[in-house]
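You will see chain A twice below: alongside chain B first, and alongside chain C after that.
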Partner chain A sequence: MSNIIQDIKLRDWEEEYININPLQTGGRTYPETRKAIISYIDGYSTCDWCKGALGITDKPPIREFLDEVSKFLGMDYTMLTNGCREAKFAVLHALTNPGDSVVIDGNKHYTTYVAAERARVRIYEVPSNGYPEYRIKPEDYVTVIENVKKETRLLPKLVFLTHVDGNYGNLVDAEKVAEICKEYNVPFLLNTAYSSGRMPVNGKKIGADFIACSGHKSWAAGGGNIGLLSVSEQWKDKAIEYSKKYKVKPIEIIGCSSRGSSTLALMASFPHVKERVKYWDKEVENSRWLMKELEAIGINQLGVKPTEHDLNFVESEKLFKISETHKKKHFYLYYELKDRGIVGIKAGLTKNFKFSTYGKTKEQIKHISWAFKDIVEKFAK
Partner chain B sequence: MSNIIQDIKLRDWEEEYININPLQTGGRTYPETRKAIISYIDGYSTCDWCKGALGITDKPPIREFLDEVSKFLGMDYTMLTNGCREAKFAVLHALTNPGDSVVIDGNKHYTTYVAAERARVRIYEVPSNGYPEYRIKPEDYVTVIENVKKETRLLPKLVFLTHVDGNYGNLVDAEKVAEICKEYNVPFLLNTAYSSGRMPVNGKKIGADFIACSGHKSWAAGGGNIGLLSVSEQWKDKAIEYSKKYKVKPIEIIGCSSRGSSTLALMASFPHVKERVKYWDKEVENSRWLMKELEAIGINQLGVKPTEHDLNFVESEKLFKISETHKKKHFYLYYELKDRGIVGIKAGLTKNFKFSTYGKTKEQIKHISWAFKDIVEKFAK
Partner chain C sequence: MTEETENLFKAIFELEEIRELLRQTAPNHKFTDEQKKKLRSSIEIVRESLKKLEELL
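Entry: the complex of A and B
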């Protein structure tokens, strides 16, 4: 690493390609976002007019922004976190003690599990129904909560649901899970990493106590670390504890979380985000259209059908077979797609992979469909 | 907030002014840094070539970068964190259980205290000698560790030292504190938020078990959240636990911390940082020169003298007196300095305030000196 600057290749995936990496489609910045990031690019730039804590800063209008987010999500109080995983851990850490139990779903993101390990709690899992649907059934939460009661003689301290999971793009009926949690009187955290910011999410309507959001995954907030934790009035005091000595500093974000351009990025993208969730139906329509086209050529969607999300997981014996004869072996799909202007499917995968069509135009969706067809026509025996 | 984009005023402190805000002078980005940030501006951009975890990513060369950082800091293993405070909490959380005791210094950053509150540990403090020096004496760590032993019948689980504090810019002899910790066989965390990245810091030479660094404060890494935790071989396994289920994911950073442009910013600035620490003497010289000039006009340095850092805290009855007659009241100093091209002293302060000269040219230092003199000459009765 004699010269690390030269080693950093400039990244051109957004500018030069149609990027369908599920991690990245919903985080893509708008021109205003880039402008805000560049303007606040230096360290601690949110602190020019510090009032003691990030969340109560008025210049730039962070406090007002967080109030608007609360309204947007149908929640009562919102704080900035370093990301969605950090929001989940904040609640876990605030509400549990080591040895307590929590319930998570089988389609959880790995960070839900690791955050729970970090909190040193016992993890109970609501399984999906497995291949090919991987459906999470809300009623199974009853079984698992009852199991926790039986085994520990206590209720779980926190129940998680992945609203839309990052593997299959399955959308779960969160209201039903919330109802079950209400019946047991246990707090309910909805992980909206792949839902809020893309589709309408209303915590009050759902009955969520906590909503964790991913700025980089679904709120067009770019690559600084940024997330949101929205809380209901009922749980606010229990979850948002302040330092005894530094009274304005929330303990679970160690005072201030995202003290720089990532906060500004989230703010600058917010007007777009508020607008774009109105067109969620169009996203689902595009996604369904593409899945239908791909199924016709032997690339089959897993997960609940028809898809209800822009993120989908497919399996294809046909694409896998091609890797046995293509000179680039199992890397062929990555290169063939790249040659056709498409990136974002993990290099090396051919039989099972996931991708997202979020934010793509109908023309781009058609191009993706064409690219897969062209590859199959050219190489399948 | 009908139109939050318009409400975000573009920030021009770096481009239009000499910024002496202590939070910001060492975090200022280089042109290469800005280029890297813009290139990796979209979400999860470090994950294009994911190998399972951020710290082992080779494209961009994050793994290699972290190895280089370990060498640079004289440590054995380094991981990316969301910031310095998050690095401190990671160690606290890994090494302690609620109810354990830790030792911190009286000049600690508030986040050390809040991180310890978050970890639910008992906090014992090594006091400074108070006004006007606020000196932390290494030998006082013995007294406080003995006190912990006496009160709890146990040794502290972790000892913190703020290498250079953020109020007075006092530099403490960390080697002596490390020696004391070695004698008691307790792990020692050195908070280098205001030292590493500005001045040479060698963990081996000091005898530190953990070094926490601030990307935005002292490593020119801009405004995304970024920090570093460097660990000695002896404590690596105890502090860096991996998920039982997701074996490559470190628990204390919930798998991956800074998954975007802030990591690239840190990397792009690193060659500059390695170079600039060689010229630390020059920074101290500039700072001392300015302090001498200011003392001559009644603006007096607090903290250990002569100053050993670019960050200094001053008190001035003379500047305070001016606020009693100036039409802008106690905001006068902010506006008068701004009129003279200088920002970064907290608006409203006149009697006691801090600032930093890091990275300023001699010409800029002279200009700062002139500005204060001009204000005093113009307004002091």
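Entry: the complex of A and C
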């Protein structure tokens, strides 16, 4: 059985291989998640007992879940969005007017930039320090905010920080950025697509006004798109505005966002997520162990060292050189890893690529290390 | 909920538990004694549920 129907292939990446695609490791589902998805797979399944809006639904207990998420994130109010990008855009749309300015970090996800473009605002970037660390320094936010002031005679309307970026896995000191934003009295949105759901994140402790989360990237919610926007009390009324005609419908999510199984998937994964963030140190330990093993064979980590995250970006002249003689050329690494039970590195990459060890057992981490060593031993000259 | 629907979901859900075992042990699927015990128990639950469904025939 290799096809589900016609040309839709059965996907067996999680059952047959160790999947190290950074986009996918934190969104991998638990059995309870998949049971919820199976049961709620049909359209508008959250709406059997609709009370007018998704966020106030009690059967299933979505309202209670969102209250629990607020506590978990140290925030005051949470709503479901169709993804992290939609959460970011919701805040941009609520707080800015075309022509206003916003500050973002140089390691931002492209969706932060595109969401800002969609909101027609002027974008100012806090650059990283470049190769090889790509570090975002919180104090550089002062320089950029001052630059906005100088150029526009106004403060930015919103400041973004990517807590952990999706390229290098660099973890930025969000508390310091929040402090700077407080000094300037500018609202601060923390993009936690690669942090909340994987590691402990507390908005109150950090001083965030908004937290945007990705359910399918880091909260084990699986394939359906889902996100969360958590808001502090101070910004609740501004960001969570309701329709004047349809009183229970929040306008920034056009009334109701994720109206089906992805909401239930997120809810069913939540007990696991609450538990797993307690073991974040173990994840970092596993990641550091593997990086040490790989660096010993010429696969070197970029980004801030030692790594503080399960996502790592590497460069390797040694792996690149193999592609010059291997019969599969630059696709060799993908196929050699697959032959050894590992998938998730983009096909065609050998010199620079990223991967994630999130949620892997120690045996699986050791297996990844063995696979790279075996390839290097077999093909490097 | 009727017995047939309950048994249908019971079987599917227990298969998901087996699927999890495969995921946790990929790519070699070498099970520990505890995982083998869980697999045996899950298979038994699926069998029982399917037996109940066969009563519809």
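Convention: the second predicted complex is superposed on the first by the 376 of 381 C-alpha atoms of A that agree within 3 Å, B and C clash if a C-alpha of one lies under 4 Å from a C-alpha of the other, contacts with A are read in each partner's own complex, and residues count from 1 in each chain.
Heads up, the rule we're going with is that a residue touches a chain if its C-beta (ideal position, glycine included) is under 8 Å from a C-beta of that chain, and two chains touch if they have at least 3 such contacts.
Worth saying up front: this structure is predicted, and the values here are computed from it rather than measured.
Novice: Which partner chains sit in contact with A:244 here, chain B, chain C, both or neither? Use first/second/both/neither.
Specialist: So A:244 only meets chain B here.
Novice: Thinking of the overlay built on chain A, is A:361 touched by chain B (first), by chain C (second), by both, or by neither?
Specialist: A:361: touches chain C, not chain B.
Novice: Based on the superposed arrangement, let me know which partner A:16 touches: chain B (first), chain C (second), both, or neither?
Specialist: Once the two structures are laid over each other on A, A:16 reaches chain C alone.
Novice: Please indicate which partner A:342 is in contact with in the superposed arrangement: first for chain B, second for chain C, both, or neither.
Specialist: second
Novice: Using the touch criterion from the header, give the chain among chain B and chain C with more contacted residues in chain A.
Specialist: Comparing touch counts on chain A for chain B and chain C gives B.
Novice: What is the contact status of A:38 with respect to chain B (first) and chain C (second): first, second, both, or neither?
Specialist: In the superposed model, A:38 contacts both chain B and chain C.
Novice: So, A:306: does it touch chain B (first), chain C (second), both, or neither?
Specialist: neither
Novice: For chain A, which residues lie in the overlap of the chain B contacts and the chain C contacts?
Specialist: Dual-contact residues (chain A): 14, 28, 34-35, 38-39.
Novice: In the complex formed with chain C, which residues of chain A make contact?
Specialist: It comes out as residues 14-18, 28, 30-31, 34-35, 38-39, 340-342, 361, 364, 367.
Novice: Would you pull the chain C residues touching chain A in the complex into a rising list?
Specialist: Residue list for chain C touching chain A: 9, 12-13, 16-17, 19-20, 22-24, 26-28.
Novice: Which residues of chain B touch chain A in their complex?
Specialist: Result: residues 1, 3-5, 7-14, 21, 23-24, 26-29, 32, 34-50, 59-61, 64-65, 67-68, 82-83, 85-86, 89, 93, 97-98, 110-111, 113-115, 117-118, 215-217, 221-225, 243-246, 249, 251-252, 254-255, 257-262, 264, 267-268, 270-271, 343, 346-347 of chain B touch chain A.
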